[in-house]
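Labels run A, B and C following the written order; every chain starts at residue 1.
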Amino acid sequence: MAIPTLFFSGVLLYLVAWNIYLSFLNWSLVSRIPKFVGFGTYSYLLHQYFFKIGAMHSAIFSLGLIAIGNPLGIFLAGILYFLPNKFRTLMVSIFLYPLAISMATNGLIWTWLFNLHLGVDYALRLIHLPTIPWLTTPTTTIGALFLVEIWAYTGLAVLFYLASFMGVDKSIIEAARIDKAGGFKILFKILIPNSMNGFIVSTALLFLFSFRLFSLPYVIGGGPTNLNLMTLVTYLYYLFYSEFFSASAATSVIVTVVATAVIIPYALYGIKRWIRRE
Amino acid sequence: MVKVKVKDLTKIFKKGKNIVVANDKISLEVDDGATFGILGESGGGKTTLLRQIAGLEIPTDGYIYFDEKVVSAPNKIIVEPENRNISLVFQNWALYPNMTIYDNIAFPLKNIKMPKSEIDKRVTEISETLNIKQVLKHYPREVSGGQMQRAALARALVKNPKLLLLDEPFSNLDAQIRDSARALVRKIQKELSLTTIIVSHDPADIFSIAEDAGVIVRGKFVQIGNVSELYNNPISETVSKLLGDINTVEGEVKEKAIVIGNLAIPFDKKIDLTEVKVGIRPEDMRISQAEIIKNYVNIGKVKVKVSSYSAGIFKLIVSPISDESIEFSVNSETHIRSGIEAFLFIRPEKMKLFDSNGNRIM
Amino acid sequence: MNSRLIKYIILEIIAIIIAIFWLIPLYSMLINGFKTNFEATATPVLFPPKVFTISSYITVWGEMKRPLINSIIIAIPVAFISTIFGEMAAYFFYVTSERMPAVSNTGFSIISLATFIPYQATLLPLIELEASWGLFNSYQGLIFALLIFYMPTAALLMSIFIPVIPKYLIEAARIDKASDWTVFWKVVFPLTIPGFLATMIFVFIESWNNFFMPLVLTSSPSLRLIPVAERAFTGGYGTLYNDSYAAAVIASIVPLVVFIILGRYFIKGLAALGGGAKGV
């Protein structure tokens, strides 16, 4: 019964292994007949400027999302927790709808909103606030993408924290109410301390979703070559299309290793927590 | 039917760093057509034993035989549960919620590809016997607890098993219908002379269904025997408590008497101990204003603390007038108001003595 | 009015304000496609159209029709096949978890890896594989590539939903001599239908929205999927014109409608990835 899934999982593992093999060659546009070079391609990569900024941007976009997404998720989940059921469901849907739309579309919409004349800057000018030069300077370009990322993925953190909060025994909350604990006290002394589960999974998933961002920088940056938005994932795509095949494979391997370092603990945690219910 | 033999069965669970010995070298034999009860506290390992007999758990060590044929061996299931010709009635009945009662009962027959007409005949027959014919078209959630329990029993019996395993089958039923459910199971078991093993923490289940029983404490059988033998001659305080209500009170051994506060139980045998635990069941005690009752011994004056009523009997809690911290639970045929003082009588031959570790000494 | 009620109202107002910010992109997408091209390039993005027109939709529809059909041809089978086979694998891992914990733990780790790995990292070998099997630039090739990632995703989600079924039901079925196949179809499947729907809708939306796979695995315009086709209307660097808004709406309409009607299933699927099967 498990054969089809095992087959496709096997194909995936095969692709990963193939990548590792390719990364030890020096296959590219200039060396059509690949030779084995060991870690040669990796040391070549580490000296590439694009690789360095790609790695830096990937780190900014994923660690930054964790740093902002978690507290914002706790804040919003904390508000939603105290709201009536129907209203809460509606709000959760609003925070999650960006995930139902293609990131390519989301990128498209935001590029209009970042238009200096007619986008959100128009509204800022209208109420006499300073405008932001969004996609025209390197720093604000990164900031702009970061903003979109927060908008797109914070809903996940809200969902996971809310699930953790709702998992706390209702009678404990009721007892706290009777003991005259206010909303803040309930949030900080009861709900958050009991939400380790939410913290672990939202950190893991925010990292994994942001680490593989491709469509947003691709669309907002107008293609894979925008230096301001180049991440490891867009860089490996860029390397592939400029026919630096082994360098692309090596970058892929690095991306895979980093992601796996987060996925395996997540999987073991999930087995323990949800499958075996220990 | 089948004869079940269990030899030196051991089951160890590892949960993280914790190691739990659920069954520790358990041996047991249940003859063809006999009924056997397994009694014990919850968490004592009795369900684990039953699940191993069913083949749902793999033994860590030891063997299980059905009619001299090995079905389970150390770390190995030799005959899978589906090939053991057994039925298991689960504590919560395990009815498939997505099927009607009819489909639930028919399920084991469909799995052996029995022709439809035969299935229909058998399901109708068993549902008549068990009086659930009127609910066959309903889903489990739409019927009462008693009907669900009988449906589970019907599903267990319809395939003519060689061995019937019952895991706390009555504990989820209302008290009023438990007795009729027990009687029904006993009647069917006798008619079919079906080898049956029942697991329960409630001695009433064991008394009503089983002829012989074993008491499991911390993974081990501490006593096996005929049920009335277990009741009257428990080897320890724990066994005596598992088989029914019993008062166990500390007493001081004096010359010719065991003294409990102002109460004195005549006792002239020689023992080395100065302190003993006196065990006596509520039905072996009486309370009266009169000073003498035939076959009973008056042991002194007590005060009635609490008077309550359950299942046709008045239950009293009484204390020696000298010490309110000592309590006896006593049955009474009439209501006696709390606060009243009266004489406490016991049947001396029913008294059991335990040492401070709870082992029976007399 | 007591102070608790006032606090609730303040919380609701904060929540509504944040929600409005969250809805701005959706709002601007919906309104701008109804502007004339001149108005779209001359009026603020946040202002509704003065003259309501559907001309841009008519223009875009001609080019978006084929990709829309292509996306349906791809996403529906991917969602359905992934979920059915994924659930079977999840059931297999569930029943083997006790007897062969190593097998089911490894299996679970591999499906987690396939679910969350940056799939772009398989780009080169994937193209090589598809090219050598003659799958490159074909419907089958796209479906195959998406199944590599989404069948394990479905298996992962179903492994989280299946343990909700009490184990004793499966044991009872075994004692009743049901084969694995019977247990799956007669007991497990009927009892996991909500989880099945959640998984199927999750996979459907994810594969519909996947931009990377069709970008790299197809070359002919007739095989374009919706997210790629939509990009043809962007005009680079935030150039505004009404057609791109209309294209964005057409690209999002299917997942948005699914989200509005069956959103609770999608949310259930997402929640399962993070908090087990209990959900919100």
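We take it that a residue touches a chain if its C-beta (ideal position, glycine included) is under 8 Å from a C-beta of that chain, and two chains touch if they have at least 3 such contacts.
Keep in mind that what you see is a predicted model, and the values were worked out from it rather than measured.
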item	value
Shortest walk length in steps over touching chains, chain A through to chain B	2
Between A-C and B-C, the pair with more C-beta contacts	A-C
Geometric centre distance via CA averages, chain B-chain A, whole Å	57
Chain B-chain C separation of Cα centroids, rounded to whole Å	54
Distance from the mean Cα position of chain C to that of chain A, given in whole angstrom	16
In the complex with chain A, residue positions of chain C that touch it	7-8, 11-12, 14-15, 18-19, 22-26, 28-29, 32, 42-46, 81, 85-86, 88-89, 91-94, 97, 104-105, 107-114, 116-126, 128-129, 147-149, 151-152, 155, 159-160, 163, 180-181, 184, 205, 208-212, 216, 226-228, 230-231, 234, 236-238, 240, 244-245, 248, 251-252, 255-256, 258-259, 263-264, 266-267, 270-271, 273-280
Residues of chain A that touch chain C when the two form their complex	1-2, 4-6, 8-9, 11-16, 18-19, 22, 76, 79-80, 82-83, 87, 89, 91-106, 108-115, 118-120, 122-123, 135, 151, 156, 159-160, 162-164, 166-167, 183, 197-198, 201-202, 205, 208, 211-212, 214-215, 218-219, 222, 233, 236-237, 240, 245, 248-249, 251-253, 255-256, 259-260, 262-264, 266-268, 270-271, 273-277
Complex interface listing, chain B residues touching chain C	54, 56, 58, 80-82, 86-88, 90, 92, 94, 96-99, 107-108, 111-112, 155, 159
Interfacial residue positions of chain C with respect to chain B in the complex	99, 166, 168-169, 171-179, 182, 186-187, 190-191
